[in-house]
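Shown below is the structure under consideration.
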Amino acid sequence: MPITKVLEAQIDHVSILDEHGNFDESLGKGLIPDEDLIKLYGHMVICRLLDEVAFKLQRSGRMGTYPQNMGQEAPSLGAAYALETTDWMVTCYRENCGLFWRGLPMEKILQHWMGDERGNDIPRELHATPIAVPIGTQMLHATGLAWAAKYRGEKRVACTFFGDGATSEGDFHEAMNFAANLDIPVVFFCQNNQWAISVPGKIQCSAPTVAQRGFAYGMDCLRCDGNDIFAVVHCMNKAIASGRDNKRPTFIEAVTYRLGDHTTADDARRYRDAEEVELWKARDPITRIKAFMKSRKIWDDSKQAELEEHADEAVSAAVKRAEGIEAPNKEDFFNWMYAELPEQLVVQRDTMRTSSIGQDPSQIESPQASQQS
Amino acid sequence: MPITKVLEAQIDHVSILDEHGNFDESLGKGLIPDEDLIKLYGHMVICRLLDEVAFKLQRSGRMGTYPQNMGQEAPSLGAAYALETTDWMVTCYRENCGLFWRGLPMEKILQHWMGDERGNDIPRELHATPIAVPIGTQMLHATGLAWAAKYRGEKRVACTFFGDGATSEGDFHEAMNFAANLDIPVVFFCQNNQWAISVPGKIQCSAPTVAQRGFAYGMDCLRCDGNDIFAVVHCMNKAIASGRDNKRPTFIEAVTYRLGDHTTADDARRYRDAEEVELWKARDPITRIKAFMKSRKIWDDSKQAELEEHADEAVSAAVKRAEGIEAPNKEDFFNWMYAELPEQLVVQRDTMRTSSIGQDPSQIESPQASQQS
Amino acid sequence: MANLTLVQAINLALVQEMEKDDRVLILGEDVGLNGGVFRVTDGLFKRFGGDRIVDTPLAESGIIGTSIGLAMAGLRPVPEIQFEGFLGPAYDQICSHAARMRTRTRGAFTVPLTIRVPVGGGIHAPELHSDSPEAIYAHQPGLKVVMPASPYDAKGLLISAIRDPDPVIFFEPKRIYRAFREEVPEDEYTVPIGKARVVCEGDDLTIVSWGASVVQCMQAIERSSASIELIDMRTIYPFDIDAVEESVSKTGRCVIVHEAPRTCGFGAEIATQIMERCFLQLEAPVQRVAGFDTIMPYYKLENDYLPDADRIELAIQEIGAY
Amino acid sequence: MANLTLVQAINLALVQEMEKDDRVLILGEDVGLNGGVFRVTDGLFKRFGGDRIVDTPLAESGIIGTSIGLAMAGLRPVPEIQFEGFLGPAYDQICSHAARMRTRTRGAFTVPLTIRVPVGGGIHAPELHSDSPEAIYAHQPGLKVVMPASPYDAKGLLISAIRDPDPVIFFEPKRIYRAFREEVPEDEYTVPIGKARVVCEGDDLTIVSWGASVVQCMQAIERSSASIELIDMRTIYPFDIDAVEESVSKTGRCVIVHEAPRTCGFGAEIATQIMERCFLQLEAPVQRVAGFDTIMPYYKLENDYLPDADRIELAIQEIGAY
């Protein structure tokens, strides 16, 4: 037998509630109780509004560059819903919806993009790490966090989020490989929104699916409609169980779409067709739940009106809180450098100088005089 | 249809001439003409001898650290045999046999491990890059070299070699991903010798095969008995054709074994069983060809004796040439830094000093006097 | 002659070198249709096509590693790294390979590569978008490191870099990408790598700087009544210490201004060499007005971090009073 | 007390910290059964088992990146990188994350990580096995950088590093791994990070050095008739400039010795700070006897590259005659 088959593999795509309202009872029934679905829906509506408001804050000069999350609410929310709060969420920057579900105050995210490190000072009990700016790097931290849990005999898993572009970075590969070979319970959650700024998905991964990236590590690979929160929860449940029980990592590709520009510094019209965007607007993760709930008679227009009012209030309040935070102190960027500040840094902080004479006025004859000159 | 199969993949293992002498005519016939087989065999014998002699040179203090190639002659040789000399060979450090086949003088490799950069001064027409010491990095260069060929409309491919350990590095992933997505004709040739120094293959890749690493990129993945030169040539022919005609990369896993220590600085008995080594000695790539040729009546003991004598001479001559090279000039490590040497480097070279006073003796009253003091 | 911003001057240099030499190609993230996140490669994709202006996967080590291969094959790749904060993943390919290839192969292989990278703070960007790592690469033998401070120099230095037979890191101070315009000749010209520029002459004090900080230095000089000579290094490696020596020998006092953290910054090298060369002429210790030895803060505090005209002015006064 | 080599002293420190604190774990390439390529972790796998001494995949960014996660979770990982030349792939995780985590999260997350790395030349190793990148990491705010020059210091500093709440790069000069022995107490003790050691006292001249070069300095001092004070920095960041200032204020002359290339080396920072602090006491420009601004050559020429007692002696003579 000169040629022997030694391995077979396949990728399945999961869809439970599609954009036409089709709902698969076999997988979907009981997956998300009605009262939870209502909450999840309400949460998405609030997050979408915050996202729109954040965009306006940037445009009016009240916030720096901001990456909109619009259209990608379901993936991180479905994941956060499936996880325990003791599980780690190791995020990128398009997981606001999941982070807020976890309990992160909305003003934290605003504060971050307002250029204030205190936005990253996330309460420890949330088990969430701050927004990671360098693409592809945070998955390794998730692997380390989950490894620590395993080391301590805890049942905790870590779920880490990243885009399709991030799967091109070497660190992605190393994180997947460490987790697979050392049996570390990580859920690698790829939000394949099909663009990395202006670069289309095929340049990041020309294989038919991103999910098959996981084959390289002998990892379980799941793929789903990321705009279908049921499908996301279904996949997450599988991945979490495998992580908790068998310390095995799983790779999930959630196919979704970035409805907005990459960030407020971007203009997506330069590189992608309006038609494509329209196509995906029809696949919005929020509207399909609303239609579904209406068809199940658990939602109506008056509830919707109430929700929208509540959303307005919640978002305004968050913005107010974010803008009400007192300005950071310039000593802060020194004070947090080390547990104990080295002497030279103390001097730099106290003098706000790096010049030796300025730091040691005894070196000049009459510093006061010269400063007044 | 909530769950849809979207991808299927499989890995085949190729074996043509196995260690028991089984030869698959369907794939093997005509693959390597007899006269070539005789040459390839003779070449392997010489390379094996050189490897043994190099080991002794190190032990007797005539050479620095050296990584033995013993047991891994077939993979790089089969590849070099299948390639055109205009194709790039981008190697690691266990491809001596292939490089010598390509035409690299044996003393170049010795010179390298004798601590002399001139061992890397490889004649341009060989289209071979020097030994790469930092693991996993050279595959990106292969991708660039092949890309340049494509850019210029040449039919050249690049074949890059690396170990199982190297597939854990991020750069490996990036090289594979660039080649797959930008359609660059690279053959990624993994010599899976099952160890990376003391670390067993399962820590590098716990998937059933290393070959499936290529799935991640939608790349063609081939796997073969690396100690079977027929199987190697078979896979290489496929990969080269796909690269030349379709500019598609291929990933090849050649399963082989490192019979020696990792390098002369290593002692493999610390971490692996003698039985395992014995098992693989029985799978030696050289002995099986000899047996095969004998069974085909194209080889006999007198030819063997002749060959061994020739090998002795060839290897002694190479060692003599390597040791006869005049010592390098210390100016060399300055002179090759830039096409044009910056002024400060000229001064450093000419004074062999970095101290300012030493470089500018006018700064001291009487340098001569002080040097005599 | 046209009145151009620094971005336009670089774009012009790229266009002209690509027209002239088909070994030149551009690769990187979003450099194609999008024209780069700072629009430096704007219009090039349309003009030269997808074979010569290539959007790559999102992987900096991959961009530089494949560029090394392209260069080894004799092409002249000009990769763009989106922000200096993302040079990190490519550090190993730059320092372990690009910088070493010529000498480790004794000239058999060379790497004529120009890595374009926006650098520095002051544009209210997110974290890792405002750093100044020039000293890191100046410490690595085998590289050249360039940082223009004006549109004219940017065009001339970039052309020199692309034609240079060795690897060059070309840092583009993003704060002055569009901050001002300057007359830039249409015709090709080069500004030599390794030569500083005397921005203005003076007798009392020398200020040495590079990149966007040159603008702050000019502001401080305008405010000062002293006679100040300003030197824009333009090249970090190899650097024009002769120009610095000549000036400080005359003035006896020197302030060095840079954005990077003070400790082990390029300012330390210049200060040390001034001491070595002008020891007897120095009237005061060379002063460094630099970034603090902290992480560049998020943008609410970045102006407290960056050396500005006020801090430079103070140093001028203090060194004068020494 | 036992008479130990530097390798043994480090091994002892690791054993003791692991016994004491089960948050400490070791990971890296070949650190397990094999005990590391320099045998620094010899015997630990047997003693502590595979959960605490972990052979990882061959991927330096992975080793450091996962260590950051382990540390964020409150463990005390002590990863080993096999040679300083292979720190490159981990540069980004070290500088973009480990160094920034505390300040970017305002203390919500910290990275109590100790990266052990053999450093420097002199053992006739292949390329990329003989470099000295300490200045690179000293320029990155947020890290601590340590380099012991003796077995006693190695043990005490490593214990300090492991207990330090911030990320430490612990460079181990491989040339002196087994070059000499020293009395090392069995009991645990710490040597504080950030304090230099006066190796010998003198009045005519100060030599400042660190790592394996300290041995060469001692040889040169033995040959010299001058009264020389030798300072071993021990810590590259934060560094004990007070000790240097005190000495040079007394001697008025200083030679700095290090293996790394001269340009932008840590010697430049010290030289600059000496000028800043001892300006009026300096009798000659501070001299640097350093590696050349070239790639460390392959081993046939490495002794021509490395600062040795001859070059140091010359500098001593020359600065004396200035």
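First chain written, first letter: the chains are A, B, C and D, and each begins at residue 1.
The rule is short, and it goes like this: a contact is a pair of C-beta atoms (placed from the backbone, for glycine too) under 8 Å apart; a residue touches a chain by one contact, two chains touch by 3 or more.
As the structure is a computational prediction, the values presented were derived from the model and not from experiment.
Engineer: What are the chains that chain B and chain C both touch?
Structural biologist: Looking at chain C and chain B together, the chains touching each of them are A, D.
Engineer: What is the chain whose Cα centroid lies farthest from the Cα centroid of chain C?
Structural biologist: Max centre-to-centre separation from chain C belongs to B.
Engineer: How many angstrom between the C-alpha centroids of chain D and chain B?
Structural biologist: 34
Engineer: Between chain A and chain D, what is the gap in Å from one C-alpha centre to the other?
Structural biologist: Measuring from centre to centre gives 38 Å for this pair.
Engineer: Just the number, please: Cα centre separation of chain C and chain D in whole Å.
Structural biologist: Centres of chain C and chain D (C-alpha means) sit 30 Å apart.
Engineer: If you look at chain D, which of its residues touch at least two other chains?
Structural biologist: Counting only residues that touch two or more other chains, chain D contributes 56-57, 59, 61-62, 85, 88-89, 92, 96, 103-104, 127-128, 141-142, 237, 263, 276, 284-285, 287-288, 292-295, 298.
Engineer: Counting only residues that touch at least 2 other chains, which ones in chain B make the list?
Structural biologist: Expected reply: 117, 134, 168-171, 174, 177, 181-182, 203-204, 332-333, 337, 344-345, 356.
Engineer: So with touch defined the way it is at the top, what topology do the chains form here? Options are line, ring, star, complete, other.
Structural biologist: Looks like everything touches everything, fully connected.
Engineer: Using the touch rule from the top, collect the residues of chain C that touch chain B in their complex.
Structural biologist: Listed in rising order, the residues of chain C that touch chain B are 25, 51, 54, 56-57, 59, 61-62, 64-75, 77, 89, 92-93, 96-97, 102-110, 141-142, 144, 164-166, 194, 237-238, 241-242, 273, 276-277.
Engineer: Taking the complex as given, what residues does chain D use to touch chain B?
Structural biologist: Chain D residues touching chain B: 29-30, 32-35, 37, 55-59, 61-62, 85-86, 88-89, 124-129, 255, 262-263, 284-285, 287-295, 297-302, 304-305, 307, 311, 314-315, 317-322.
Engineer: Within the complex, which stretch of chain A touches chain B?
Structural biologist: 1-16, 24, 26-28, 168-174, 177, 180-182, 202-209, 211-219, 223, 231
Engineer: Residues of chain C touching chain D in their complex?
Structural biologist: Within the complex, chain C touches chain D at residues 61, 85, 88-89, 91-92, 95-96, 99-100, 103-104, 127-128, 135-136, 138-142, 237, 260-261, 263-269, 271-272, 275-276, 279, 282, 284-288, 292-295, 298.
Engineer: For chain A, which residues count as touching chain D in their complex?
Structural biologist: Listed in rising order, the residues are 117-118, 120-124, 129-130, 134, 137, 139-149, 151, 158, 170-171, 174-175, 177-178, 181-182, 332-333, 336-339, 342-345, 356.
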